[in-house]
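One structure is given below, represented as structure tokens, and several questions about it will come after.
Each chain carries a letter (A, B, C and D) given by its place in the written order, and its residues are counted from 1.
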């Protein structure tokens, strides 16, 4: 394994009989991923895209040695699906489902953490390592194997940027779309160590957004612990100030959470900062061309 | 996000046993006077406009009254006011209390910690943002095992409460915590929380409910006071829609790409007016609806910037072509399209057949739409 | 440990919404007949002795009745019976149901996993110990986040339930889980859980409440049906007290040391009759009380084996000396003492002054007490 | 640190102003333990046995860098005391309190575990390493520094046995009284690895009781993972069969949980089995004399 997924990754798709579940099972397989099982209660014994369907994750793991999961089930059932995944001992799960109440996600996050399961998402594109495996929904067309790592809080913007990297003639080692929900299973800070240790990543692209302080936290981590060059972009520089969480939220993030504070923090931590998505590939290429000094 | 008016927040507080001043909601000066006369609202009392914006006291939306006729006069003065864009339709009348101290208590989410956080301050009654950090106490609360007794004791110490009011706090905080969890709140805030005699009373209530938990809270479905009519329609169709001051309409998919599109437009002198995030759909009807909605906002030009993932380019193209046929001539607008990603070739071909060119480069397409809207501002 | 009679267990089940057969408790044949006549208990019905021991049906403590006079006769036949040492004081009358299948469901603690465990079996209606492992399904439940929907689905699959009964199980299991937690139960068991029509009905109820949680369950304080009178007195004084068949009384401190003492006594032919665990006390009065209690059990000889930790040897010695003065001559017994540990010297000295020798060696002291009780059995 | 405590151990006593708290603070200090703080809400600013008292564990840790806790507070408040200890970041806590409802202890155990705090107990004598530190209530008089490790589920029986080892002229490395409650923070299986790794332990004495399957679990662990010689004793061989937990409990422990099954399992795992407490020191001495083959 390089960053969380590799050729040994064996995916169980929860909610495989739903439209998204079926479509992305096909896409994951087309990417070269071993999709070994699907789960939809009551549908055991059927097949979707050539993948056997089970009633429970435990059954699926027992029969297929699945070691990663991708959850597509609707928001009201996502918490249960995650608990089932954790209890079945699966160490990595991407939750694609959007609109999961954050109160549910608090339970999901802390339970998964206590049991050693890493969540990517929710409301996220998931993780992909070209030539190895994909657990999620990032379009296959944007990838090409290479040595640029990407972590992002966005969805389509990630595709845009990953695609830009490809069109610039570069390729990606692993790309993780963390999701932009208030509570995420994996933050920048959680993901950075994997890229630091990954021998296949030379440069990291970090794509953030306004809101929250995940980018400031990332900058702090990069400053002390991340030795590879970073190119960062923060979306929403010109967006109107968000009202989310009101005043009490504001005092938690006091003096942080804006595009300016994020960019300043990342710059201070030694990252190169792109002003627009289309500047990223060029900056990465320059770094690659220059060897890899920060 | 559903922000509840004070009186609705207090209804929730009442449900969980948080002590409130005696009072009631009224909707006319007559009703106000009658409530005061009947003793249902003790006198003297305070008459408060039920609007979501802060700064009501300074803004004249809160008045005091000593007699039933004064209550009527105050009610008449406030009802129907336009306060920071909101029309005052309801008033909360509450008996005035002998307040010894005004404190601040709230529970909200700390995203970085991924934990709810209990915030307390001795400096209540003012906007918490104006209180210095050193005067604010924060305690994360783990949903498992929940608010612990020691955390309640620490909160009492931070608020310098002892005796009766400390005991009251020990009962109030679990109620506030239960409300936060059971109502799927983003925020439950009591500011000010008043020390009155030997106990505590919540003088104000600010409760924000999370939209995503709507499936288990049908009771909040009707409370959507802070949206423009177009935003309301968009919500019903599950399209994220925000109105700003500019003249360029932006249709994109995904919050990040939408924001990046605004960043680029601004850079080239564009002035985005409406932005509309399709999210992840591959239903061409939803795309059509989004376009028709956009047409109603009467933009000078529209920028369609789609990167196809879950959303396929051909789906978007089909929906767009369909929409263009339905838009009345009067509402037509210049359109710049950029569709990339999954099924890009098919999508571009469908647009071309309908006479629309997709510009693949983000910079070039942004410049084109700024020009179409009349050039840089 | 408080074992609840079936009817009390069912009262708890009712509180949490677990479906039960229609019925009621009666305490006399007259009351039984009246209940049947009034229709409160539908006919035909089952008349069940409310005793804690199992095997009631086989033991004649359960009868069926078709008419009010038959109910009276059945009640008269069972009331006042002595069933495995318990006197029948209450009967539960319940209408007979059309039972399609009898299942087993319980929640208890798995000490090794340190988790509650949901146990289900298709083979209900028999003692679960007689069911082979392969026919029993076990699912650990984490208190956080609690019983999950997928676990309920798995339970339904293990019981081969679908449709209405599966839906009923999905509602019943959370109720059983809530009862387990909120009542501080060691065990909540439904055996049999009957499939009746489209639903499920708890035909029996076995609920055991944990003693240690008594401080939050005053409602269980009065229900202590399965103790001997001396055990009951001991409980009130917080002394662990168990009566066996032998003739040697053992007073020790700590369960492990008490058990080890029994092991050694047995080895040398002794036959322990009462054992009494002082626990960790350093109150000489408690020691005195323990001795007086022991005297009431009329042992042939008593072995005092104390290792002082929290309990100090001098405290024990003082309590012992005090007790010896209070024991009536008729109740006197030969005593072998062994006190070691904290303040040993002082304790031994106090005993010596009262004419009691402490034998420091465990083996020697055990042999001495066996001899004092009349030699090896 | 050898086994969990050493000369760097700095103890905060929760419930220090109670009778037991005060008595055992004195005893721990007499043992040579650094008792650095006490906690009793509302008693901040006072002193007990020369130890400063604080209102909260957080205050105590902030001021005294306490890194271990000993809880004496009454059962109804023990859960809260433990949560406070865990949240203050203390990695080791002995809970002396008895009669804690096991439903509370389930919460305490799983919360502590998820946060990396090790609990010893409840209802236990705690841990002591002669010449180093004691966190708990084992009487000082039974100890003498040496190379025999002791783990036990019992209280006074532990003192008896540890004392027997001393009177036989041997000494102890570390002794842990785990407590015999239905749910314990540290089981034999949890404690064994510490003794395996401890360079100061040559022989291990394991003292079990009937009930539960902790000894069978220990035997299984010893078989695969424990290389040092073990002398085991199980109390309750002649006790009447317990009725605890009724039938449902019986099917969980089915075929295990008796003195016979425990002794057989331990013997099979290579442990030497003592029939009576007073046999233990001699057996240990033999092993020590013979070098240390199992």
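Some points to look at:
In the analysis below, a residue touches a chain if its C-beta (ideal position, glycine included) is under 8 Å from a C-beta of that chain, and two chains touch if they have at least 3 such contacts.
This one's a predicted model, so the numbers in the text were calculated from it and none came from an experiment.
Contact tally for B-D versus C-D: the pair with more C-beta pairs in contact is C-D.
With centres set at the average Cα position, the gap from chain B to chain D is 53 Å.
Annotation: 28 Å between the Cα-based centres of chain A and chain B. Rounded to a whole number, the gap between the C-alpha centres of chain B and chain C is 56 angstrom.
For chain C, residues touching at least two other chains, in rising order: 142-145.
For chain A, residues that reach two or more other chains under the stated contact definition are 107, 110-111. Taken together, the touching pairs cover every possible pairing of the chains. Residues of chain B that touch chain C in their complex: 143-145.
If you check the complex, the residues on chain D that touch chain C are 20, 75-76, 98-104, 106-107, 109-111, 125, 137-139, 141-142, 152-160, 163, 180, 182-183, 187, 207, 209-210, 212-214, 217, 233, 235-240, 243-252, 254, 275-278.
Taken together, the chain C residues at the contact with chain A in this complex read 142, 144-145, 148-150, 153-154, 157. Remark: chain A residues 110, 113-114 touch chain D in the complex. On the chain D side of its complex with chain B, the touching residues are 41, 55-58, 77, 79-81, 83-84, 87, 107, 110-111.
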